[in-house]
Each structure stands twice: as structure tokens, then as C-alpha cells.
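The structure follows.
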């Protein structure tokens, strides 16, 4: 499968950082769904770089061209193909990177796997730039979900050890998602956000980078979405989330914290809500039991490692000379990619959620 | 796909806790591989309950019958089907559980998803008992990997907030795996293990349960196994690991800790080893870059929530009466399933690793 | 995938002719569907051998044991596993067949593919006996389809050049399916059937075998089932039909005959039926346009080659001696498997149809 | 899956006849394979229309733009995306076709399936134009196979009941493939070809169309490619071949003719060749036994129905008026698509063969 994900809804991602373009094919979308292009482009703009000192100076319009699948502003049932042509590539010499694999990047592993034929320019198929087509597919999925009352939102939960407030896992009105989506630096607590930004700029000044954690939630899901064992919501979402570069950990609900707790603390008591539906009084389970949605908000967190591209000198090897070497990475890099990754995590979640929704017989 | 996992190697898990049996079909194994049944049964015995006060008193021989795919002790190329017939089921009345979903279990979500037709006895298809066939498939995979020099090992890393030592992610000799596999309570540091067991017994005495973390590593992997994006080693392993009941978080290498670090701390410097191969000087990446193995040990941790079945009274609902209710779960339960889950995590990893190995063109 | 088929509904077939057993796992069935075991066993009995001089004398009860997935006579949402234990195996010496591959069988190709580790006894995983689990899965699928008004039926269309009448592709009442299903030799025209049986017995007398054609139809399908390109009804059905041993050709509607015609003869004119629905005036298309059902009966034909096991001496090679050899196959064989294959083709069709139905969003 | 095919090698087809473009994503190609663009374009030109009175006058350059996956003329391991932008679309009014479904086309089935949102212009995603991206993927696959000594060739076997000579299924030198590939009307026997062309022109003159049969063969395949049951070579190839519009029947080796024969006539006797390899003395099996290649040429035939677009008046319905209607299709159409389908069948076969080759562990 490699760069393809999904059961009912299949998303195929293609492109390299310095190839003519990057894009996606989305096969299995319901037909007749209106796609709001203005909204989609606004969503993509949240990921785009070059906006401030916190991210790379590379300018990318990230405006997708739709080659197929959309007619008169609606999905027509045929696969949707969207392409972003790469325009702002620096035609620099990549021979040093081809020779000296960058620590923390896939340069060395790709070199061995592809026998030297891989595209090293800008990270090739492993570039963070490939998250743009994930956002196209996820942005479309998000619109289709919203029409079914299902909303996806996320915020920066931590940067370099500074923590934001957390979502209330039992009650996340759409206004919370909307408010954080408006922010240039999407945190719930702006004081914490300022502290995070200070950490990012400090790392940048020291030619270094920082990592962070993103918290994401999905509201409006009916009970019964997802399947047992290997197609549970955790499995589906983890499989796609680990496809986002830099993600090294995923936890649902209390996750690793649950491991330190007792059952009596972690079980979510159940009760009837005033409207006659069954609900949980707490939501440690992250809205998922047995892989299946409980009707409570589904929530999870992803750990992103610090950007591996740093301007400091690093120890590596020269593959051509067969001996140890020192590498100094030049060029435009993000001292922190967490703020730009927020829409990517939303997009990845939306793809996984829509796939599970379409897989389920139960109707809306 | 639901209860089926894998690309080249497909494992299909079937059964319910109180059905006639449970088992698996393994499609895509290489032919001519010897299967050591004594070794396999010893591996399955590590998961079996009823051995001590730390786990449930349910006795299960867990001896698989091989229906197909094995001839004269070797895989013959045809799918392997193995069954464990359920024998020690208590024929008690399950009508209370059918009416009052147990908090922390899949009872309510399955009830909605399957319209009341689901098998509620002992958790049905969601029972931890279904990890036995995962161990059959994984135990076979482990033997095939071992003949290729690839070893999988794991230990309890934490229980209820008490932490064991960690593996040295750069150097894990087979003797470390072997030593911990011999232990009844598989930890690296037995003092910490004693403390963990005290926590488990304390929880049991208070009619409660505890969760924990398992650390797992894979050594001997060549560089270049795994694929970009959605078929990377993290994606493949996460998808199967979240199929193990109670797993709520998975992190590779430094995982969530990496999110608090700087790039200069988290990048693994590279160098030539004395034997001429390229290696990393540290292994924060968990042996994976760009989804592809680096040649360093692959390592990860899984968070397991506390056993949801506790003897204390819990708040739930009565579906038949349509009002809130109190539930007291009786019967045999594990106050902690972490020690029994260690071979399950090893098995899940072995399945995912063998699948990736078979997917890769590169030869051993 | 190998011995697994399906998208939403996954059927995994396992077993070898002389392994302890054969069976299937069916993952993705709707829950709460009643399974009529009497009806299922009657369906399986249509495939069973040993009933008359037209087929092998091997006695097989073919009674499935259900290991999982069925509770109180209904599907419970968990995977269904069914096993038929092999009992009437002759423990003869298979060393000659291991050495001298039988012409027309998979002996030689399996020998090379599996490096000599394959199970040669009775054809192993390639045995026609593996069609019994296809019938279990298909028999269950058929019952679920019937409750949705979708019926599957088939008859012998040709044996050794003698042709039966054809279904009227525009109008096949259930009574036609039921009548032919009652017959020991399932043809529409019994005179033609008698002629076919004479051909079979003549071949048998001359230590030879004959092939034939099966015609199958599916009625009651709504418009809109199936998908474009590679998941069209033809693609789905062909992929499973060619999994039935001996099938060497599949054609939908007029099939190969259409290739000799003109467009004006082959196009099906459309009109409104008295009930206000749209229908075709003819059905050359076999009820499928663009891979999607038209609402007319879906119909197709499969060509089955003559049973390759014949008692005559045949030229082959001795793999151990590395030279040409003569082989005389002994044992129990069918001079014609077409009559026994009728329920198998029905079963294969039912699996493919139910999978497509479950894949489709449209409700019944 | 819908418009995606393959196991190890995944090909995703997108586009509609009058969308901005059509194309494919090819995921899983080996890296470092040189792609000869001149050769690829020559292959695509064989499918292109507008060359003579036998096919549509629509002019299409069919020159693919490669968006990703190819670097310095070689595959780089990343997915290959190729696009053909549509340029020669007539911006005519499609409202009549939207209202009056064309007999023999997918207009009505797509209308129901997609709820009226489908792209009706020129057949949308169901257009024969979508075979161009199949040819891109297949043309690349063909080049990679050729470097492994595996060749794919095809010719028109029949048109409207006029039959060409057949391949010698035991001996097809590359020169035969090359010779027929050079011909504007690719038949083995040019006299028969002239007769076929006369039939096509006669049908055209009468505002009608004709169908035909294509015979395809693959040489140089080692023994052991393909898998049992549902991933046999027949299954894999049939699933992709039925994705080519107009294909209504597929038979391997003697196919439907085998159904009329006896086992003694149909079994292929085996012997040692002078070079010490095992071979069959005949090749009725089409080079496949048990789904696995025998080492003999793999050969099959596809039946293509007559082009459904004919200029004669046809009976259909008016969906808007809810009553019967007469339709006269105007515009540019092929009176026969068989000659243009020859490279498409080659391409489809090459995709399926390369996928099976890459799935097989055995090395070349």
C-alpha cells in the first residue's frame, strides 16, 4: 500500500519536494457533496509556511488544481485528483546531501532502500511538503463530515515541555474549535502560547529546533463507528497519523497517563442524559471502547519530534568516502513544525474518520 | 478488514470468549519453514492465565490444534489455521451484562453496533482471550524471524507508576531477551518488579486493578525494511498493536519525551562502525527514520489501561429499564493484565515485522 | 491476499485435501442475520460427492462445525469460522505423485513455488475439496441475499459440447431456480441432460473425463450495485470465479458471442415498465453496464476444463530421476465435475454479490 | 478499491473524459528502473485515435506529463503520477445525454448510483479515454518486465466473426510480437485483417459498430509466479481486464473450447526440454496451473462488445419526462474499438504480471 490509506475511502499521496508537483487521488468519496473551495484554501493556508519567523521562509502558494472528480463544485463519484505544482524550489546543488545523510531524516534509510535512486532534493517523498496533499484530502473530508454534524479540531498541546490547557473531553462546543482555528498560533491558553513561541525563537537563535504535542478531538460522532481488532478507531487513526512526518507517538484518551492509574479511576461511569441518550460521565477512554465510538468526543494526542533540520554542525558519514564526516545543513527550515502540523493532524483525523463512517452500515 | 491484518502476510483472527473456539488463519507464510511446537507452546504458556494470584483463576490449556498449513512440522505454503477450543467456560447467566454494559468495556458500543445480536458472554469477540490466537500467529512469525537473525523481546516497563529500567536502545544482546523471557514477572530490575507486584496485589485487595507500560525491541533488522508514509514501520506496528485490547498509546523511540526536546538532543549522530557499516551513535529514533528501519534496534512502548473489570460497584445504565443502574462485576478477572500482555506485544510486533520483511524485495 | 477475497466482506479459505480439516473465516457479515443450518446443509449436499456413478466415490459428510460468529442461530457480528474435518482420507502413499507431477494439475507449479514443501496429498490446497468452504460462505451469503429479495441460481449449460437451454435473461422467476435446484442433474432441459450424462459415462468407460459450462443468474438486484473500473461486478465476480478450480473462462451476458455482433444487435433498448421503473427490452449486457447493475438479471457463464485426473497413462517427468516418465493415476476421481460445481458457482457468485451489496451505500 | 488495482504494485486511475485531465498514480514500482519516454510515447500512440477512418476523429496528443516519481529518467521509489490534460473536448451541450441514457453505456447505472451528480460529458469516468492512463502504467510495467526477459504481445483475433490466425501457444518468439506491433491494423494474417477492416467500414457506413476478440500472450515468465485461489494469474488478470471498457469475456488457454473437450485432449503432457528444464508438450492450460505460471507462454483472449455509441436511432427513456424516448447519438465515435484496444490489453496484462512478479519472493 505504501502511500495509500483507507478502506472504503482510499487516499493516494504522490509527489516529492522538488518534483514538478505533489498531490493526491481520493477514491470513494460520496457523490453530490458540495466542496467549498474558499474554505478549503483557507484550511490549506493554515499549513502554509512563510508567514512568520516561527517557520521556514519558503513561499508556497499551495493552491490545488483539481484535475478530476469535481463537477460544478460537487463531487461527481469519480476519483478526485488534486495537484499542487511546485514553484519555489531553489535549484541548489544537492550532491552534499546525497553523500552525507542528514541525522534524523530518512536520507540514509531511503538511500539503502532505493539503492541510491531516491530523490534527495528537499527530502523527496519524505518531505514535510507531502502533508499539503494530506490537507487537501482531509479538508474535503472535513467538509463532508461537517454536513453530517461531525467536527474535527486541534490545538498545540505542548512545545518543548511547555503545556497548553487541555480540551474538556466531555464537552467541546464547535465554538472552541472555531476560536482556536482563527489563531495564528493555535493554543487554548495564549499565555502558554507566548511562552511556547519564546521557546521556539530561543531554539532558532541557537540554530536548534523544538518538538511538541498536538491534541485533536472529533465531536458529533454517533455511537458505533469503527470495528473490532485491527480496524478500530485507534488502529485506523494511528495508521494514518504515523504517516505524518515527525509523529513518533499517538495516545487516545488518557493514553500513557492511564497506564499509571487504577481501573476505578480510569473507567468511565455511564448514565442517561436528559435527552434519553446514554453518555459517559467522564471520557478517559477518548471516546472509543473496543475500537468503536462511544458517542463521546473522540480525542487523542500526537507527539512530534523536533525538526531534524538544524543549522548546527552534526556528525554523519560520507557515503562516497566511506568515512565519518561533519554536516552543516543550510537553507530554509522550520525551528518548530508543530504549529504548521495542527491542520495536518486535523486532516489526517478527518480522512480516517470519514473512512470509518463510510465503512459503517449504520445511516446518518 | 476488521479482524484481519497485514499486506503480504495476512492474519485473520476469529472466535469469542465463550464460542466453541478461538483461532487464526495465517495466509502468506513462506513455505518450508520448520515450526517448533514445543517452543510455540512455551511461548503461549507465557500468556496463559491461572498461574498466580496476579491474574485470573480461569484455567485455559491454550493448546492450539493445527487444522491446515503445516506438514511434517513445516509450513507447506497453504494458509495455516490453528484453533484453541474453549473448555473452561462458566455457563453462568449473562443476562445482567447484556442489560448493564460494563464501564470501560465494549459492551455498550458493541450493543449499538450489532443491534443487540452481539455475543456478550465473557466479552465475546472483544475478550482478552482473543490475544491467544495473536500469540499463535506471532509465535510462528517469531520463529521465522529468528532464523533470519531477527529477535523480538519485551518487558514490563511500568505498572501503576512504578518504572522498570529501560532497554539500552543501542545494544540489546539476545541474552537480555532470553533472561527476561524466563522470568515469571518479566522485568529487567527485579526490585522494581517486586514493587510492581505489591501494587497489583494492593489493587486486588481493594477490588481494583492497575495499568502499565510494555517496552518492546526488535534486533537484527537490516536497514531498509518498511515503506514511506502509511506503510512505515510505525504505521504497521501501531495498527496491529492497537488491536491488542487495553492498548491506548504507542510511542516509538523517545516518543512523547522527544516532543519536549530540541533537535540537537534528539537527532542521532551517524558514524562508521568498525565493521564498515553505518550506525547511529544514539537511538532516539527507535530504529526508524521515514518509516524505514535504520539497522539500529527498533523499539517502542505501549500503554495499557487498567483492567476495566473490577469488583467494585460501578455506575452504568440498564438498557431494558432505560434508567441508571449499579453494576457489580463478579467472576474471575486479572487485577493487572500487563504481565500476561508481554508475549502478546511480542507476538503483535513479530507479525508486523515479518509482514514488512516479506513485503521488501531486498533479500536476507 | 492469496486465499482471501472481498472488500467489505472478507472470506478466507484454508485447508488441504488431507490436512486435518478445511474451512473458512467470514469477516464482515451483517449482525443479527438468521442462519438456517438445515438449508445450508442441504446446499452443501448438492456439492458432496459419492452420490452416483457420475462422480468420485469418496464419501464426505461435509458437515461444517461452527467455531465462532454464530449465536443462537444468528450472526453476532464477530467473524464466522466454520470447519469441516477430513475423515475419509485414504492413507495411501503419495510419493509417486510427489515425484511425477500430474498433467493438468498444479503439482509441478506448486512444487517449484513452494520448493518441495507443498502438501501433495490429494492436491493439497489446490484440491477441489476446497470448494466446500466456498459453499459454506456462499450458502450463508445466499441466505442473507434472499432476505433482501436477491436470488442466485445456476444450471449446467453444456457438457462436452452438448448444450442445455439457456435462461431467459430478461425473466427468471424464482420457480426456475428452485426447480433446477431440486434436480440431481441440474439442467433446464432433461433430454439434453440425459445426453450429457451419457457423454460423462462414455468418457468414464474410456478412462477419460469431460468439461462443461455453467450458467448462473442473479435476480432481484437493485440498480446501482458495483463500482467503476476494477471493482465492477464483472471484476469482482471474475476474481472469485477463477478461484474455483477448473474454471478457465468467464463471460457476462452475451460475452464472446457479443464480439461477433454489431452494436445495433447488442445494445439493450430501454423503456419504462408498467410499474414506472426503467428496464431494458433485452439483456445482452448481462445486467451490468459500466460495472454497475442495471436492475435486470445479472447473468454469466463459466467454462470448466475436463477433470485433469484421468486413469489413462500420461506423459510426465520424474523429478527425482530427472527424466521423462509415464504416470497412471489411480484412486477415486470425477469423470466430470460440472454437476458438482453448480452449487460452487452459485456460492462464489453469492459471496461476490453480497460483498458488492455491502460496499454500496444505498439501502434496501 | 474501485479505480485502484494491485497488491504490491498499486495503480490508481483518475479522470473523466471532459475533466481537466486524466491520469494515474503508480505506487510500488521498483526504484532505479530506467523509463524510456520515447518508447512509452510510441506505445501510447498505438491507442490514440484520429489516425484513420476506422476510429474516432477526436484528436488527442495523449502526451503524459510526469508529476512525480521519475528522476533523471529513472524511477526513484516514490509513487509515479502522470497526467494527460484533456484538450480536444467539444464544449457541446450534454443535457440530452443527461436526460436520455445511451443504450449499452453506463449512463443510466451511473445516474442511479451517483444520484444525478455524475459527470455525463463524454461518458465521464466510464469513458474509453480512461484507457490512456492504463496504457501509461502498463507501458512502464512492460519496460520493467522486458528487462527481466518477460515480453507481452497481442493481436486482433476476431472482428465481427472474422478470425485471425492464433498464436502458437508453445512458441512465440519476440519477433512475432514486434512484427504485429508495427502494423497499423495488428493481425497475424493480413488477408484476414483486410476482411475485418471491410466489416468495420461496412458497419460504419450503416451507422453501426462491431465487436471483436483480442488474443494476448506473455513470454519469458519463470515457473512459480502467481498464487493459489483468489490471487492466481487468472484472477489477477481477469480483475484488471474487466476494468477495460467493453470487455465482457475472458478465457485463458483453451478456455471455453476446453469445456467441450475430454481430459485426455486438454491435459498438457510434460517432458524434459533439451536444456534440462521441464516443459509442456502442448499449452491448453494457457501457461497457468493452479493459478501459478508453468513456464510456458501465458495466453488469454478477451471478448469486446461492439461500440455502444452508434449513430442510428435507439430506444431509450427520458428521465425528466418519465417516458420512453428516441435517441440519436451524434459526434465522433469509433465504429470498432478493437484495434485501439490492443495496446490497452497489453498494458492491463503488463500491470497484472508485474504485480504478481513483485509479489513473488523468488528472484530473477
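Every chain is named by a letter (A, B, C and D) in the order it is written, and numbering of its residues begins at 1.
By our rule, a contact is a pair of C-beta atoms (placed from the backbone, for glycine too) under 8 Å apart; a residue touches a chain by one contact, two chains touch by 3 or more.
The structure presented is a predicted model; accordingly, all values stated were derived computationally and were not measured.
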Query = Of the other chains, whose C-alpha centre is the longest way from the centre of chain A?
reply = C
Key: Pair with more cross-chain C-beta pairs in contact, given B-D and A-B   = A-B
Query = When the C-alpha atoms of chain B and chain D are each averaged to a single point, how far apart are the two points in Å?
reply = 45
Query = Once you find the CA centre of chain B and the CA centre of chain C, what distance in Å lies between them?
reply = 39
Request  = Let me have the rounded angstrom distance from the C-alpha centre of chain A over to the C-alpha centre of chain B, please.
outcome  = 26
Request  = Would you mind listing the residues of chain D that make contact with two or more other chains?
outcome  = 1-4, 7, 13, 78, 110, 113, 125, 228
Message = Using the touch definition from the top, list the residues of chain B that touch chain D in their complex.
response = 7-8, 30, 78, 228, 358-359, 361, 363
Message = Quick check: in the complex, which residue numbers of chain A touch chain D?
response = 1-4, 10, 12-16, 19-23, 25, 27-28, 31-32, 65-69, 71, 74-81, 83, 110, 113-119, 124-125
Ask   = Touching chain D in the complex: which residues of chain C?
value = 1-5, 7, 13, 101, 103-106, 108-110, 112-113, 125-126, 130, 158, 160-161, 203, 208-213, 223-224, 227-232, 234-236, 238-240, 242-243, 245, 247-256, 258-272, 276, 278, 280-281, 284-286, 289-294, 303-310, 312, 314-317, 319, 322-324, 360, 362
